[in-house]
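Structures follow.
In the two assemblies presented below, subunit A is common to both, partnered first by subunit B and then by subunit C.
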Partner chain A sequence: MNRHEKAKNFKQVNHSVTKIDALQLALGKDSYVADFVPNDALIVKMLWSPHAHARIKKLDVSRAEKMPGVKAVLWYGNVPRIAHCTAGQGFPEPSPYDTFMFDKKVRFVGDRVAAVAAETEEQALAALEAIKVEYELLKPVFTLDEAMAPGAPVIHDEAEAHVPIPIPYEPKKNLVAHVACEAGSFAEGLKQADFKFDHTYETPYAQHCPIEPYTSMARIAPSGRIEITTSTQVPFHCRRIVAKTLDVPVQKIRVIKPRIGGGFGCKQEILLDDVTAMFALRTGRACLWQFNREETFRTGRTRHPFRIRLQAGVKKDGTITAINMEAINNTGAYGGHGLTVVSCAGSKVLPLYHCENIKFDGKSYYTNLPVAGAYRGFGATQAFFAMESLMDQMAEAIGMDPMKFRQINHIREGEGSPIFAALGEGREGTPMTVGSNALAECIVQGAEAIGWKNRKDWRGKTGRYRRGIGMACLMQGSSIPDIDMGAASIKINDDGSFNLLVGATDLGTGSDTVLAQIAAEELETTTDKMIVYSSDTDLTPFDVGAYASSTTYLSGEAVRKAAAHAKSQILATGAEMLGVLPEEVHCEDSAVVNSDGSKKVTYGDIAKYSLYQKNQYQIIGTASHITKKSPPPFAAHYAEIEVDTWTGFIKVLNYVSTIDCGTAVNPQLAEGQTEGGTLNGISYALTEEYLFDANGRMQNASFADYHIYSMRDRPPLNIILVPSYEETGPFGAKSVSEVSINGAAPAFANALYNATGARVREFPLTPEKVLKAIKAVEGKK
Partner chain B sequence: MKLSEFIRPASLAEARKSLRQLGPKGMPLAGGTALHFMPGKTPVTAVDITRLGLSYIKQKGDFFVIGAATPLADIQRYRGPRWAMHEICRRISTHQVRNVSTIGGNIARVFPWADLPVVLLAMDARLVIYSGKEKDMPADEYFSSQPARLFRGGDLLTAVKIPVLKAHHGFGSVKATRNATAFSLVTIAALLELKGGIIKSARVAAGSGIPFPQRLKPVEAALAGKEASTAVFREAAAAAGAAARWVGGEGMSADYIRQLAEVSILDALERAAEFARGRAA
Partner chain C sequence: MTKTDHTVNFTLNGEKKTFATRPDEKLLALLRREGYRGTKYGCGQGTCGACTVLLDGRATYACLLYAMQAEGRAVRTIESAGTFDNPSEFQKQLVAAGAVQCGYCIPGMVMSATALMETEAVLEDEIVKEYMDGNLCRCTGYEKIWVALRKTLDKQAAAPARARRKSSSKGSKK
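For the complex of A and B:
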């Protein structure tokens, strides 16, 4: 039996059980933050900076404070000035403390100036207009070149900006982070190469576009504590960061995460909760703040634009002798995630292919543009565009099929990479060998599904519409080793049902369901016996939150361990009830059974016995989990496109997205994640774009002008789950959520080359850009 | 736009009277989808015109007559002899929007990206306006500038009359967008009358990518009297630059939009010629 075939014997895991919150959501029951807002809640509105870089010379809120309905106004003059980081990361964060609740300086169009809490939205908006601000305009910095230039305007000139751990940070040079490593010798490796390459790639801004915008509601509980109900991926980080920003004890704050309408990384950031909490403290009232779509685009977090220089050498036989990646990201006006995203550009990409001489240099710079943060793919998306574009070029140079070139070079089971050990999150990484890896099978199955064998070099064709097929191979990780921690507890109820309490954060991903399946599998019961409650800092154990592809792998293993802990108690009590030794019983179908199956007691009976009858105690299991590894999920993507060579429009004819996520705990949800991530990547590659005017103001901050794919645009998508079994994960699982966004841009770029000979090194692939590239090729002919 | 009051008149006359009295403080309301794009905080009274019997499509003599309050979804679903309006209607926004958005709303106030004015200009439609009594005017006059000018005195658009295409007439439209529901980068509509393979007359109009929908007269001139062939169409399309002032948008240059328009004109003409030669409507 292949290892992954173990999963076939599972009764709960590896089954597409219905999402446990599906009915609630389908019926429109109160689920999301805004559903829980009391009628008398105050409405919060923010005055945003219209300037990209300016000092506030004078700010007068006195007229606004007297406006009808206004209960409080917050600005730099009446709140604590505490440098902090808004990124919800491990503590202490590998990011600069460069943000204040309010500051005398604004650093991008959409930065905070002053906030109003009023009885109605209209009153709050009217009060904003009554706030008088005088700005001293400063020279803005909009490009990486401007940010890096000697004597560039300093965006963070405040004395307090600092990093809480010893990592490179030079705000006077606008440098947010710098990380570098070398394994072997790039220079020596390059000498061995028959062909050498040196290209630069650019990747664009993008927004996550969750259907539910950022929403936070804070109120003061009867006990006097602050209760924040918020749309967040990181409730525990939220509690910690709000406590710091407001200078109140963590003990005084409770953060509740209800159902979430999507996050994709943008809600791994504390952008509203400090303000709603402060207003609640000042007014004693419930305070609601919800971004509209324009605010989500301008002020919400975005994907870091990157410039990546990639150098490589390859021998005629296909050996990659040297790789050097120089990645620079634009983190915008604040530096959260600057270091980690640029690190992941190296750490999640460079280990994919064998190479003994690898060099990496990553930097992150401030600019006066929208703030970047965590976004599904997290640096890997950007770097894979460069890497996978270059892989095709290298294959062409040596006259090898690009699929075969990848097949002979990709990492295999049992292999490591010096990059794993060299690149961590603000410190060295963790040495690791790859356990499960079905990439080889992903490549084969994907090739079959797209019809790779029929692919030819179509560059010589001359018709208007030209077809091309391109591919890309991908990996990501599953949680951050030695940093991320998840915990769970599980207790039995009278009837043999269980309360599963997890700090893990279901964002709509279905993680509550997946965790319930894992608990049920371990406990030999059914998923419907699980009552899952996720993410409430007062009630559930700690979890770092939903990011870094960690929930199924990391929190899932915490759940499995907690369930095993409860199971040992169930077995002991069951044995006691049956009058046999604990070694002589096992669990089966929600019951404890003796060895020959002649006697059994159900979990309901065991619960009642232990709660009410004899040797009473609460059967409760609890466990925490950290990982030593971050097992990569692998993927091979294939795209078949049709290019209109007269207009530059690209039509996606077929897209195959394969994935090795270990055991798919819930195959339907795993497919959904993969399809969503893939479509997200297609949209990013083709139509999404931040357009700025000369003053750094985003011009297309609405869904009318910022084009994300809807179901109407969905091309034929073929999702193929290729099973493997990750021994270190719960029931063989690793992560699924991020990796699939990484493939579309390079696969399209490669397909475009296959169709026309035009090689694009920046996206989105707008019709104008594509047409220009095609014409450049035609001009050379 | 801030709606403060809502009235539902019982008749056209009553609606007109209300709108006359309200002046700038009143606004006829049908599907209401344009409200999203209309700024302004002054409270406005909405005069509902959706229950005045203005939602219908019927063939009357040489015309299809479409009531002004007819939702785009109805036009998309309607079929009649040599009917061509569904083609563009199914490309406008989303199904949900088409269920409420009306043909009248689409053309009573013309947004730069609107598709229907382009089609109606090419089709030589007639627009029926009620000002106590109904009278109609040709599309060329109606769309010569912002039609809102025609309704200031409370007058109302009540119907759109589209000529039924005769044999040898053909219609084609092209809408170039970034994705399925995006506003148009370029919309082109073309009406060709062929006789023995020769273009007897041509009407070609454009919208989006230019400040206001208009006919492309130099393109039309390059077609008249010539053979309906790709070479001729291509040559005519090349007159697009001279025919209108193309503007960039969505991060794309004016020059690119012009090139896109040229290709779209060619495609629209090919479709129109194919239609005229006897493609099933």
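For the complex of A and C:
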């Protein structure tokens, strides 16, 4: 059977089954962390640093401790000082241990100084006012150039700062990470080129903006254990990191993840839970800490700003002879994800196009600005802006249609890239050849939908409003090979329903539904028979959590294997009940059926038999999964814009977002992921950025001043799922969630050029920037 | 809640209620501590719409409104919109369209749409967008929310006039 034909026979997978928690959420039922907080919970508030870089000379909390309603105050003088990393990554982390619960030094505006737990929010806020702090101001570091300069102020001068694995880390130079590789010879490759390029691109700070802010509630269970209910993408990493930070055994902590109100990477970070847990230990009370929106902007995690220098050479026939990417990210005041994000700028971007001579050099630097972390796209977003902008320039230089230039160069099924082997996360990567790849089809279908054949050169365009069409090709990965692990258990109930227990963390993506479909497909039953529980460190098997586009591909395969394990038991018991050999039966429509279809027993009957009647046991399947591959989903994006050459305003007329995510386990949810990622990318490309004052304080920490797209802003979006079949994924699936955010910035930059001849290498493409670039073009005429 | 001598009286989802409050308490905080937790905190700045309730039929940010400002008025929350057995048409359409991702914004969206449907006779796209512009969503790209809403509105527009009048009289907008 042809692989694509296989997908047509699925009964649960590749169907738009209703998202299992959708009605519960639409009705407003208790679902999120804050909905489970008892009315008598203490309220936690933090005193944040008003300075970008300072040493605390004196901190006096004695008045605050005596204020009405105050139950406890935490500061560096009364908590353990344990260097750790807040990034929720595998263990040991490829990130520096450079963070303390509280420290004598503050490193950005929004760093922790002291925390109060009080009976009411008002009392907690009043107590913060009563804390006296004397600072010794230190010279701050705000730019990459300042961070790299010889003799620059050292942001992490504490003795404890170290990385737990052997990778370059030089805090005395503010250097968080350095990774480099070369395949072939860039210098030799450049010599073969007819045209050479050398450009530098800049990308801004941005925030994930989940509508639910970071929220954590901790309390002491009747058993004396610490129970943390938290808005996390990484419950198991949360447990491990809180245990380390508080110096309590992992055994003493339970982390519960209820429904999450969006994350997009920012909740892959342990930013609140050490404090709520410590307050619970100190007070014996339930303690709630919810960031307000301003705190979510200032102290929450952000997207790394990058400076990317891209050099390349191309022959007249369209052969790319050499690429050199020098990517430097600003990781802000703490270094979690600094290395991995800069690595992904190379590893998720450079394999996309054939080139025998590729060089990559990635660095991450500290500054005294907000802390960057994981954000959907994870370095690829920033690097694709550079790569795809340059692809258009190369195409123009050789006089080739930019779509054709991509078509002749992009990676194909069965091909590898030296980059896959060279760039991993804190170690060498994993060699890989690409399996499923429908990029060629994505390019064709997207071009048709946008009307690419009517695209005209900018030089003929006149008038105030000028239209342009631009494109970008993209890839990402599906989980981190050899590092990520997901596990699942599935057990049968009396009526033939199943409890599916997964550590995989649905943060609003619909992964509980997708995993239920995968289990139901394997078990030959229906998705509505699945009761999914995710995730709880006491009750569900381990999973690294929701990041690196891993849940469908990696956790999904763990679920499929666990379901197969349960199925083997169902078949054995069914055969026993039918009085035939296990080889003579198969599963069909929630029943075990003999070979000629004359006898059958339902799953409900099998469950009752196995639980109550004879040779009793619990039918339960369990499995873990790791992967040797990280199959890229591919995408081609196309944008048609209209530029107002008087104001620089870009109006999006049409946006086409194609995606090859293998088998779409739930096409409707896969579309939803693609729509959401695409619009977030559009919003990011056109309007979103952090603005700072001279002291490193973010000036626009609200939705009034940091604009994210609303329903009225939304341009016409055309989402096209292009099927392929990934042999290594569950029922042909690979990832869907991240790749779509990468396209808008380069597609718009290319469309702007196509409209006006203006090339902007820095976004967001605000009217000011666009107008300046247009004027520069007009000036040259 | 610390001890207080203040109370506020308002109609909540059709029932007359009296609550102890303080002059500085926001309506959102009062609702949530009284068990009406479908109304969400998203920004506290009146910008995201997760806390949208109806105040005398008008969509209002409960995070900005002082509880005592609701004195004598009619407040409606998401809890009045539908139940598992009897979800509202928009809730049904949201579920069917796959429009509920993380779902945190959805109760607010439902309340804004309710205000729209009960107030406006003409439901053209521009008017609809005006009503929904104050409700931010970061998951969906608004595509499927839009589809669900448009289907709901078109269904309402096609309904017999008598049913429409009945549904709008539910709104206490006077």
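As a working rule, the second predicted complex is superposed on the first by the 779 of 781 C-alpha atoms of A that agree within 3 Å, B and C clash if a C-alpha of one lies under 4 Å from a C-alpha of the other, contacts with A are read in each partner's own complex, and residues count from 1 in each chain.
The definition used in the following text is that a residue touches a chain if its C-beta (ideal position, glycine included) is under 8 Å from a C-beta of that chain, and two chains touch if they have at least 3 such contacts.
None of the values given here were measured: they were computed from a predicted structure.
In the superposed model, more residues of subunit A are touched by C than by the other of subunit B and subunit C. In the superposition on chain A, contact of A:167 is made with neither subunit B nor subunit C.
In the superposition on chain A, contact of A:647 is made with subunit B only, not with subunit C. When the two complexes are overlaid on their common chain A, residue A:220 makes contact with neither subunit B nor subunit C. In the superposition on chain A, contact of A:509 is made with subunit C only, not with subunit B.
Using the contact criterion defined above for the overlaid structures, shared-chain residue A:700 touches subunit B, although it does not reach subunit C. In the superposed model, A:580 makes contact with neither subunit B nor subunit C.
Of the two partner chains, subunit C is the only one that A:28 touches; subunit B does not reach it. Shared-chain residue A:620: touches no atom of subunit B or subunit C. When the two complexes are overlaid on their common chain A, residue A:712 makes contact with subunit B and with subunit C alike.
Looking at subunit A, you'll find residues 704, 708-710, 712 touch subunit B in one structure and subunit C in the other. Those residues of subunit C lying in contact with subunit A across their complex are 1-2, 24, 32-33, 37-45, 47-48, 50, 77-79, 81-84, 87, 91, 94-107, 110, 129-130, 132-146.
Against subunit C, the residues of subunit A that register as touching in their complex are 16, 18-19, 21-32, 34-35, 39, 69, 119-120, 122-123, 208-213, 259-262, 264, 290, 292-294, 507-510, 668-669, 671-672, 675-680, 702-704, 708-712, 714, 717, 719. Listing the residues of subunit A that touch subunit B in their complex gives 644, 646-647, 649, 687, 689, 691, 700, 704-705, 707-710, 712-713, 766-768, 771.
By the touch criterion given at the top, residues 94, 176, 178-183, 250-253, 256, 259-260, 263 of subunit B touch subunit A in their complex.
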